[in-house]
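Note that chain A is present in both complexes that follow, paired respectively with chain B and with chain C.
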Partner chain A sequence: MKNTFTQSMAWLHTWAGLIFGWLLFAIFVTGTLAVFDKELDHWMQPEVPATEVSQADAARRAVAYLQAHEPQAGNWGISLPTERSPGLRVSTGDRRHGGGVQLDPRTGEAIEVRDSVGGNFFFRFHFTLDLPRNWGIFVVGALALVMLAALVTGIVIHKKIFKEFFTFRPNKGQRSWLDFHNASAVLLLPFHLMITYTGLVIFMLIYIPAGVDALFEGDSRAYFNAQGNARLEQPRQLARQPGQLVDVAPLLAQAEARLGPLGGLNIRNPNTAGARIEIRPELGNRIALAKGQAMVFDGVSGELLSDVPQWRAAPLTQRVMVGLHFAQFGGYPMRWLYFICGLVSCVMIASGLVLFCVKRGRKYGNGTAQASARRWYRVAEVCNVGFISGLLLACVALLWASRVLPVELAQRESWEVRTFFGVWVLALLHAGVRPARRAWVEQLLLVAVLCIGLGALGGVGDAMRVGVVLSALVMGVLLGLVAWRVGKAVPAPIRAKAGRNVEAGA
Partner chain B sequence: MIQAPAWLQILSRSAAALFGGYALSYAASACLARLLPLSAADAVIVATLPAFVFYTGAILWAFASRDAVRAWAPLALAAPLALLGFWPQALGWLA
Partner chain C sequence: MMMWVTGGVLFAYVGMLGLCQGLERHYKQVWQRPCPRALRVGLRGAGWLALLVSLLLCAQAWGWAIGPVAWLGAMSLSGMLLVMLLPYWPRLAVGLAAVVPVWGMVQLFG
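And then the complex of A and B:
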């Protein structure tokens, strides 16, 4: 592209970073929030009581409720109360497709809970951008690849990686932004690389099905069978004869002794002679992600039909990499570590985007440059505001919408999503009509106020909800400080020494 | 030699990065899966895990190479790798 390798890489880093950085920022922010998806779920649905009921008791009550209301259903799904998710939810049909009824774990009675996309929205947006799932994972996968390329080119062009590791020159305009971008990148480089690569590994066989195509003629079912993931045959004959369901509590105890804390269970063909009870572990019992694992019991005799498989080295490697991305292990200390590392990633991306404009501000931001160059510069500036502070505004607006929208509103969940995207578009428009600095300050201040005010919406009955409100308060104060700094910052001083801009991406 | 306009070069290199990179990582994974001395189920996983390293390499290559034609080298490299990976299928088509 350019004369030297480093210059070519700097060019790639700058332009790929700018064009894809806006969406990458959205992916990293929502991913960071999704670390606490269950906690946000709980906050966004204040009707769910925070109780401490043993899983066995909760499961018995759920089964009793389903016996009374859905005795003929082909499948019962039960999500048990856990440390992070104290609700008890029952459903019929496939668990993935949502729906279901919230029960009070203390009484086993149905409770009215508002419809809300919950923190799960951030999780879904993180890997689909709210596009149809199959499109979304490819778009996000391509963006992750750009992130990986940006990280590697960043290392290449950053020659003095260790010296500058200890360098920070505050209050120097462009220099400070560059130092900040470099420091946040280098400080957590292993995390940035890990989270990006493991993100790609989650859907690697959807992205690159080459191995399955070459060795299994593209037959993914044959591949899954070869992995030993074949499902137990469903006993169709027995499923037509009535049967008496076994007590689930001893089975739960047996599964907990084997798997650790449990997440939930499925009962297939309940009340028939072919009933099967599948008990799932919580995802975070070990680093390797246990998604899709279950112990299967006979629903009449209680006999163990199929244990969780031991993973061979290769699948275990993939599971551990995926587990490192999902961050379900290690409890709350690990969750906070991921959250903070995720924040640093977001800050790195945002500071890189800002740096692009700060660097060109003197050249294109005034009347001396060509009109077309000035127009493009303005587009970058507006997008920076709209995609950074605008996205933050959209995220906090979603939290407000979950509490403020009328509970009885029809299609409440889609209104929450419309609020999210509506606020985002408004923020982009606002950035388009205001001078850049004013737009930054106004939007960041609004985000700060909305974050700080989250507690005013009430419904902080338990420690988890208080935690959400306090965390939002801290984030709000920090963002308020940023807004204040941006507001009072003087325009960047002229650099003392020119010609040192190669490593920054000329 | 006539220099293509800048936007055309960028477009060509971006396409080389996207498609050439995909072809290379696909073919390299297929080839690795075929050659690794593991059971088929394990070979698929072990061969696919490094796929994105190849992809990243191809993206960097597409923008680092001296001229816009060389940028397509990963695509050329993909052909023999794919042939190795899909050797039995290729023989089947010939027969």
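And then the complex of A and C:
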């Protein structure tokens, strides 16, 4: 710790930023990719056809399929084709994710679709780091707190926020890195603060359960009921008597008129007198994230049993904040806005990490410094490469794995995840054995080539998949330019990244 | 909707440009001469006004509930774009403002 307030803030910003920045970068990159999770899902499973079948027709075919194959199941889940997710999936049981059978919405026949973690992996990694769920949520929450602290300390130590609001001076080495780090942080400050804070709000009851514990004596079900989320009493008696299922299409129309575009439906106790049809909206119909909401109909008479609950002010506030984080509302323009803002956030974090090394390069990067200082400097350098370009490599490797791994491979999904982490570890090792600047160039070039090459894997049948390939192409070209720029920089006497030679030579 | 979105982003950029050019340092960066005081005030005023127009356009595109969120995003990103353009192609950074009349024409007659 240092003496003055600003100095201690600078100390905190530097060291918290470095140590936690590596993982924060991974969280921000996967979060940015998760903005387009459904699109990536669709790209990673090229067998799913893109069709323009109405939801009512698709739902009828799904029910017919389930009637033929799973008439005894206690619960039918149907994910309807939507704008972003053109597949039709049916499942039985209560599993929310994965499982189930993919149907062709045009015919209602089952189609063979490769197992793939899909874009959903990025989403899950974004809030759990692929750790066991609750552990992950706590670790990521702690990192989000560090991010908030880094933002606040950053504001404190940045003396000229308004004077240098529009300032970026390229080709001036450390100066340029600092300018860029400042500009990207200051200009996008509303986004950084919003995304970090709302990220914490999502799991506020996991982080701070004291309020619910005190009011409801730890009974989380009582808490949910008090919000109006009460599950309807399941009609156990009626569920044993056979019944004739009502046509779902008029119910879907009724729900759509009330809720807007629909996401899917559940039919509980199908083919019994106690059948219940729960129809849920797509997530993006309103700002407040509508997850878990559904209109419930009687499955025999078609009568509306319960409407979506009205949230009270406090839960509504939380839901709106969650909605702000998830960016489901506002269509594709909003999604792109979030995506690009997310990219700038990633680059902001990365530039801060690089700045750490650039700033110390002259002092610790050469022979004059103490051996131990040099060793620690080298660790920071290696981690920078491995956690920045290495993570990008791992992400694009996952996309490749989803297409390249044999379709019939057993436990294919876990092999995809192994590819992701395997490539990441390899990238760290590679960074460890190569000189830092060579490592940057080689890894960035490889990422660029893999991104550009996504189109070569084929299977681009529709606009959404073409969009994924084109976006990857643009990304690849940009990363290629970065690699070229890093490589072109005249070798400074010490480790250098783009643009620091002017200063080193001066 | 796309026209409103485009307009919102465009006016956000022009607003940031006005605020930026209203600063001594950045006016000089583009035109290599000091900025008269009246012009400086005018540029800043126009900048704030354009940002306000951008807010209205974003609200048109997305509604008042989420429009302001989009507005903040549009201002941030266009500011970022401006900052990256200025040192490399300063005239282009200013010249982009010429898209506004084009947008206005399309909006009126398109």
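One rule holds in what follows: the second predicted complex is superposed on the first by the 487 of 506 C-alpha atoms of A that agree within 3 Å, B and C clash if a C-alpha of one lies under 4 Å from a C-alpha of the other, contacts with A are read in each partner's own complex, and residues count from 1 in each chain.
Note that in this section a residue touches a chain if its C-beta (ideal position, glycine included) is under 8 Å from a C-beta of that chain, and two chains touch if they have at least 3 such contacts.
Model, not experiment: these values are computed from the prediction.
Taken together through their common chain A, the two structures put chain B and chain C side by side without a clash.
Touch criterion met: A:S8 reaches chain B, while chain C stays clear of it. Using the contact criterion defined above for the overlaid structures, shared-chain residue A:G330 touches chain C, although it does not reach chain B. Contacts of A:R169 after superposition: chain C is touched, whereas chain B is not reached.
Geometry note, superposition on chain A: angle between chain B and chain C about the Cα centre of chain A is 90 degrees, to the nearest 10.
Applying the stated contact rule after C-alpha superposition, one finds that A:P190 touches chain C and leaves chain B untouched.
Set side by side, chain B and chain C differ in how many residues of chain A they touch, and the one touching more is B.
Contacts of A:V212 after superposition: chain B is touched, whereas chain C is not reached. The superposed arrangement places chain B and chain C with a least CA-CA distance of 19 Å.
When the two complexes are laid over each other on chain A, chain A has no residue in contact with both chain B and chain C. On the chain A side of its complex with chain B, the touching residues are 1, 5, 8-9, 11-12, 142, 145, 148-149, 152-153, 156, 197, 200-201, 204-205, 207-208, 210-217, 223, 226-228, 312-315, 317-318, 321.
Interface residues of chain C facing chain A in the complex, by the touch rule stated above, are 1-2, 5, 16, 19-20, 23, 25-26, 61-62, 65-66, 69-70, 72-74, 76-77, 79-80, 82-84, 86-88. On the side of chain B, the complex with chain A involves touching residues 9, 13, 18, 21-22, 25-30, 32-34, 38-49, 51-52, 55-56, 59-60, 63-64, 85-86, 89. Put simply, chain A touches chain C in their complex at residues 165-170, 183-184, 187-191, 194, 287, 324, 329-331, 333-334, 337-338, 340-341, 344.
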